[in-house]
Amino acid sequence: MILRQTAITLSAKPRGFHLITQEVLVHLDLHGCKLGVLQLFLQHTSASLTLNENASADVRRDFERFFRQSVPDDSPYFEHTYEGLDDMTAHLKASLLGHSVTIPITNGRLALGTWQGIYLGEHREHGGKRRLLATYWAEADA
Amino acid sequence: MILRQTAITLSAKPRGFHLITQEVLVHLDLHGCKLGVLQLFLQHTSASLTLNENASADVRRDFERFFRQSVPDDSPYFEHTYEGLDDMTAHLKASLLGHSVTIPITNGRLALGTWQGIYLGEHREHGGKRRLLATYWAEADA
Amino acid sequence: MILRQTAITLSAKPRGFHLITQEVLVHLDLHGCKLGVLQLFLQHTSASLTLNENASADVRRDFERFFRQSVPDDSPYFEHTYEGLDDMTAHLKASLLGHSVTIPITNGRLALGTWQGIYLGEHREHGGKRRLLATYWAEADA
């Protein structure tokens, strides 16, 4: 049985959705993991992790447009806006999309579908670097 | 320690929400799993997995009505609509609801609450068959 | 390898979002867990678990305002309202936010970010006590 944990620091990114599959994968050592699971956990409350299309960049642009419209920065009823109009809406998007993704591992690779990639949702205008914790557990190759 | 992984193909379903608990369970061998966890992972970006009420079919109908209304197919600002008006909205619903569910195992059974069942959210008009990967890890019965 | 499972009963709470980190932690024995993962699973379909800000209570109030506005109790098209106007909206919020959270464990502690806490979303007016199942797996300290 393999059980590993690695801290990953993602570079600072502008507000919006970003494909981070490769930026994450370089930090993992999946060799010898016959079958198992990876959990990626974001240690923040104003950014999110999700899986979605890895090909067309317009999907990521449409994500940002949709979430700006359905969780509007200028909602008049928010109390928690000390750090700006993107403060409370970032917290909401973080919980709507989630703080983590959990992905199976098969034969030393993430068992993502053909079109699946890992997205970071950066919901602050100036979110800075983001910390991830990758934990994975797997049966070792014989 | 038990660690197993099984691929499951779900039959093609119409757009909407579908109770798939039994269709999934027949593919799992939970005998001898004293306590542990099951992760079900959908290898697609236009369908979703969630848990909700397993009794009244009207909950599933209300889910479909709610998501059609809050993520409208005819939103004028979407770029990514190459495959039709249900293309981009399917991607959004997949991330709002999520690509996976994680369920504890106790004494050889899923430890679902009395009213909990597994839903497939089929967000495309013609999504076809859907591929799941079931991974579970558990302490074996003595 | 450590693999443990514990049932937790949360006290009844009013409709809204509640910080439950301490109420959960007293039920866990993470001593000797060098690195691993905790899954908290809610055995209900009308309440939710998520992670968000652990400091300002106004974040929790803004969560409740936002979800009352974006999943309105008085939506005219809901069929499933047998138990009141908070019945169907509770089911929807449960799936939008999710039935579980999965958190890494490092050196005998939950590896939450500085500002992260565990929220229970109580979406019914009179939800009563709520049952959680905590399952955790970890490498034991040498």
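When the chains are written out, they are named A, B and C in that same order, and each has its own residue count from 1.
Everything below uses one rule, namely that a residue touches a chain if its C-beta (ideal position, glycine included) is under 8 Å from a C-beta of that chain, and two chains touch if they have at least 3 such contacts.
None of these values were measured; they are calculated from a predicted model.
Homomeric contact subunit B/subunit C: same residue numbering on both sides for under half of the interface positions. Rotating subunit A by 120 degrees superposes its CA atoms on those of subunit C, with the angle stated to the nearest 5. A separation of 20 Å divides the Cα centre of subunit B from that of subunit C.
Chain contacts: subunit B has residues 1, 70, 96, 98, 102, 137 touching two or more partner chains. Of all the residues in subunit C, the ones that touch subunit B in their complex are 1, 3-5, 39, 41-45, 70-71, 75, 77-80, 88, 91-92, 94-96, 98-100, 102, 131, 133, 135, 137.
Taken in their complex, subunit C has these residues touching subunit A: 1, 35-37, 50-53, 56, 58-59, 61-63, 65-66, 69-70, 96-98, 101-104, 106, 111-116, 119, 137-139.
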